[in-house]
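Following are the structures in question.
In the two assemblies presented below, subunit A is common to both, partnered first by subunit B and then by subunit C.
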Partner chain A sequence: MLHPHIIKTLTATAFLMMAVALQGRVIEVCPECPVSSISEAIELAQPCDTVLVKKGTYSEGNILIGKDLTLFGEGNPILDGGGNSEILTIHSQFFHIEGFTIQNIGTSYTQDRAGIRMKESQNFTIKNNRLLDAFFAIYLEKSKDGVVENNFVLGQAENEAGSGNAIHLWYCENIIVKDNHLAGHRDGIYLEFVDNSRVTGNIAENNLRYGLHFMFSNDNFYHHNTFRNNGAGVAVMYSRRIDMFQNVFEKNWGAASYGLLLKEIHDSRIEQNSFLENTVGIFTETSNRLTYVRNTFAHNGWAMKISGGCQQNVLTQNNFMSNSFDLAVQIAGMDNNYDGNFWSDYSGYDLDRDGVGDVPHRPMKLFSYIVTRTPESIVLMRSLFVDILNFSEKVSPIFTPENVVDHAPKMKQTSGIAQGAETPGPKIDPAAKPGHSLTQNALTIK
Partner chain B sequence: MLKILKYSFYDLIRSRWTYIYCGFYLLFTLSLLWLSSDLSKVVISLMNVVLLLCPLIATMFGVMYYYNSREFTELLLAQPIRRTSIFFGQYLGVAGSLSASWLIGTGIPFILYGVFGSAQAGNFFTLMLVGVALSFIFSGLAFLIALNNENRIKGFGLAILVWLFFAVIYDGLLLLSLAWFSEYPLEKFSLTASMLNPIDLSRILILLKLDISALMGFTGAVFRKFLGTGFGMSVSLIVLTLWIILPTLGIRRVSLRKDF
Partner chain C sequence: MKKLILPAVLIMLLASACSPTPQPVEFGADACAHCKMTIVEVPFAAELVSSKGKVFKFDAIECMADYLKDHAETEFAFQLVRDFNQPDDWQDAKTCSYLISDEVPSPMGAYLSAYATEAQAIQMREAKGGQVFDWENLLIYLK
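Up next is the complex of A and B:
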């Protein structure tokens, strides 16, 4: 065994390859081989061996692994749970799994069955696997220093109560979730009590609840992800110091749907994201000291809804384009700063040609206020009477909060719209990391 | 009836005002398309115009045409022609020529712009349909008003009032009642109330296609069911047709009984 300090300094992937190269012992598994089951191979294996699984279907129920191994699938071998079993349960200090199709886990209301479960593990890589019809697909609990990369997860969740999450992290640290495609589960990625982790380049779509769900997880950042057509978009709750940048939130439509829900988030940065065609782009509640910079909100019902208890937030250099409502602020007397954004319905002028409008802009219209109070009045949207109302309110504000005003509206939009993740995996620019720096230890991906 | 329709139609087609009306739409649409690259924005701008202008012009034109051609009407009445044919012919002539102006004025620029290949084709058709429907509804109402009022001043005044009522006052009253009764469930009420006004109805028809994301943002199941499905669309279309039929029936009734 190598010393833990050395492990810490190396990347997990590189380390793995090195270990395989050093040890070199490979145990082959195939339906016709002397070793025909994975459990048997694992039984035989010494620490740091490689178990090479050839093409075929393996229905061995729950496989327990307590060794430091590389599990490598060649020709896409299938691990089948038969609809009533968890498949891989791993407890290891050093583990690599790659190239499997894991399927048929089956719904359970009493246990959280998973396709791949890492239990109190370290230094692991879960890469290039396909997980089909899983209850929970990848479940990491009390683990750290791991990478979940380029997996394809497709579930058939029908209701929230009877479905699990595609990637579920619980009490983890230092995990990278990268370039995965997650669909048809309850949450695409779920993080609870997860610190210092990174979620990047993933596509989460058509999930029942959230594309990404943060709870009580601090110092994380997620970037270059695409969240599309999920039940309610992305929810970030009860966390601090979260960086969100270059993500795309699109087409999250529905009665209680939003691109991004922020609840009790503090000291975070939301930068260069795109919010396209959501019912509500960002819904924020009791979130303080957030910075929203260079985001683009286009064709949303509401670009931003700011509920009560949001203080000291800064919105600047954002683009608000063709939204039905740009801003709805529910409570007056919050000291947020809205200066320096581009509003597509700004009607002022710029006489000195410095790129900043000479007349302050009031992004919250009277009708937005009315709709917040009496939702049914939405049927009057864009009627002449409402236009007259909005105009008179604009001339002399009475109802809308007085401090919701952009004193320096921009005449031109800020360039650079986030591209999010594309299929297949995105190009990640390491230089594009803004904001405060995260503690960068142990894991870096080449 | 066809002969009178043809006569009225050609009479109006030769009229200067029809050209101005058509030219206005042509210029307006062209400049909008020229200035904006976003077709959906153009549709929204045009929607604001059509909801305001189509009813206004149709009302004014209808009343004006009826009063101006009164002597001719009296001449026709002396002939062995059915009364309904005379008035329907005139009414359809006015509505038809107004619709033609609208269709040509906005249709041509859009077609030149290549709307058929774009994603906005559906919205374009809705817009066209709404313009035609509003022209028919409001010229019908105008004829009804004119038939009921011998006094021109009174007729004009009433026509303007009807337009103002549907375009502005109705919405104000609706908003006021919504605010007043905001503690009650108002979804069905607000939907029904907006159905009863052809201008609101047309607006909702277009918004159903454009601002659906905002309209969907409701916990109210009635809204979602109604606005999110083809059901809402078909009900809107049926009510719009009813709005065309009702004034026509009114014209028939009054013209049969009226003593000239």
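Up next is the complex of A and C:
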């Protein structure tokens, strides 16, 4: 007769063993262990096992994984591609990778080599990794239901042709890209044919082309990101129903640079974003039924340039503050609504004190029209001649589109400026990669 | 004689300013005349030079085709693309062969690449699959 206490203990042990069996085994990998390479561990692993990789440098070339596993790095192990190889190629239905430094992928003009490639996979998490000097860093291909979280990606792209994207999504669905810090690549985050996905809390800076780039992707949401000092800003192109909330677009300077480039975007909302110090805050072309609400445009060359084929867009409760030009509308006859914004250079008055200016405001100046037509005329900026020109046009508009007018300009600015992602998730030791040209710059942000 | 030098120089300058000449693409800085994207991928860059000498650069052959469709009334002295395998120089778009293949993604989603000769296009098709076109049929197909 067994003591009840022993029975209890035995059952508890049995349950515990079952739990362990369900969770799978743990296979340890370290340079001195019986299993000294990751490829070997993966060969040995059964579905649901955990491969625990300890501190060390592993140069195993391209590691192919076709199992459902957890790959966990302890003490920041380094996977080195030696400059001529893709590193992890994963095809799995359940996968978790965490805690690695993946480096030296090497440029290739014929292969899109990646640090971590998920191929036709689902239910995966890519978390807390560092990817240094990658061609493509994280490449998701025909995958769905995944999370890419808290990774630090730093490339050393010098020319755009010779660099890939930090996070590249191609034919994906239901992906969350969250709290990553991306710098020194061609595009920070690139999405092509990606639906129902969310991009949030990321910082993309010092990338050669775009911080974020949507192509042919519908029903996506990006919010609370910061896009700073990228070659050409953020581009959202050929897509529908993209909601853009509370992002910060700043310091995108250059002849072909925009805070946000919208081309053939329809039925989208752009709310509570900040556009600070860009050559052009928003450039939009052939984009219909967009609403721009409570955005702040400050210290840009142009706050907004609206090119041809933009219909039924609504701009309201936005703040236009100290931009060289608030609006440039290139073509007349578009039925957009500009009522109810705050314009810092509004010179009207509010006698009845209802918070709304009593005279309409014409945000598009004649000089803005002239500069759009003849860019060289910018040298006349801030001259008396231009002031006279603008004033005469204001009195009797001839050249500027007649319907670009705010009938109810606000006397006070709308409160609430987007904060973006100011506290980057990844805690990275800046000394880890000394002498890197971009490290300093990328890590000065607190 | 000396009196003639200045007018001659002026005429030469004027003539050189007006004669259409192709220009190199500054990758990473030039924007596509059609889609406004920065041009980055060398093998897919394309260029039109109007008979008045104005240069239009494109990030993809499909963008150039779209632009040609939208500007049918303009005359172009040069219609240039690059060979996918040797993308360093311009090729005449009209004499090139084209491949549309799911295995060769191009910047604007048409999966379109150019080859200097039909043999090269067919060779690529053997490796990657897809369909080969000449320039005229390509323009019809893209419409």
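By definition in this document, the second predicted complex is superposed on the first by the 401 of 446 C-alpha atoms of A that agree within 3 Å, B and C clash if a C-alpha of one lies under 4 Å from a C-alpha of the other, contacts with A are read in each partner's own complex, and residues count from 1 in each chain.
Here, a contact is a pair of C-beta atoms (placed from the backbone, for glycine too) under 8 Å apart; a residue touches a chain by one contact, two chains touch by 3 or more.
Predicted model, so just to flag it, every value in this text is computed and none were measured.
Enquirer: Given the alignment on subunit A, is it a clash or a fit between subunit B and subunit C?
Expert: fit
Enquirer: Counting touched residues of subunit A, say whether subunit B or subunit C comes out ahead.
Expert: After superposition, B is the partner touching more of subunit A.
Enquirer: Please indicate which partner A:F216 is in contact with in the superposed arrangement: first for subunit B, second for subunit C, both, or neither.
Expert: The second partner, subunit C, only.
Enquirer: Regarding the shared-chain residue A:F325, is it in contact with subunit B (first), subunit C (second), both, or neither?
Expert: first
Enquirer: Answer with first, second, both or neither: which of subunit B and subunit C does A:A256 touch in the superposed model?
Expert: Touch status of A:A256: both partners.
Enquirer: With the two structures laid over each other on chain A, which partner does A:T284 touch: subunit B (first), subunit C (second), both, or neither?
Expert: neither
Enquirer: Quick one: classify A:Q122 as touching subunit B (first), subunit C (second), both or neither.
Expert: In the superposition, A:Q122 touches no partner, neither subunit B nor subunit C.
Enquirer: Of the partners subunit B and subunit C, which touch A:M237 in the superposed model: first, second, both, neither?
Expert: second
Enquirer: Looking at A:R382 after the superposition, I want to know if it touches subunit B, subunit C, both of them or none. Which is it: first, second, both, neither?
Expert: Touch status of A:R382: first partner only.
Enquirer: Tell me the contact category for A:I370 with respect to subunit B and subunit C: first, second, both or neither.
Expert: After superposing on A, A:I370 lies in contact with subunit B but is clear of subunit C.
Enquirer: Taking the superposition on A as described, I'd like to know which of subunit B and subunit C A:E192 touches: first, second, both or neither.
Expert: After superposing on A, A:E192 lies in contact with subunit C but is clear of subunit B.
Enquirer: Least CA distance subunit B-subunit C after superposition, rounded to whole Å?
Expert: 8
Enquirer: Shared contact residues on subunit A, subunit B side and subunit C side combined as an intersection?
Expert: In subunit A, residues 254-256 are touched by subunit B and also by subunit C.
Enquirer: Using the touch definition up top, name the residues of subunit B that touch subunit A in the complex.
Expert: 38, 40-41, 44, 47-48, 51-52, 167-169, 171-172, 174-175, 178-179, 182, 186-187, 189-191, 193-194, 199-200, 203-204, 207, 211-220, 223-224
Enquirer: Touching subunit B in the complex: which residues of subunit A?
Expert: The contact residues of subunit A facing subunit B are 253-257, 277-280, 299-302, 322, 324-325, 370, 373-389.
Enquirer: In their shared complex, at which residues does subunit A touch subunit C?
Expert: Residues 159-161, 186, 192, 208-210, 215-216, 231-232, 235, 237-238, 254-256, 261, 263, 283, 285 of subunit A touch subunit C in their complex.
Enquirer: Note which residues of subunit C are touching subunit A in the complex, please.
Expert: Residue list for subunit C touching subunit A: 27-31, 35-38, 40-42, 108-109.
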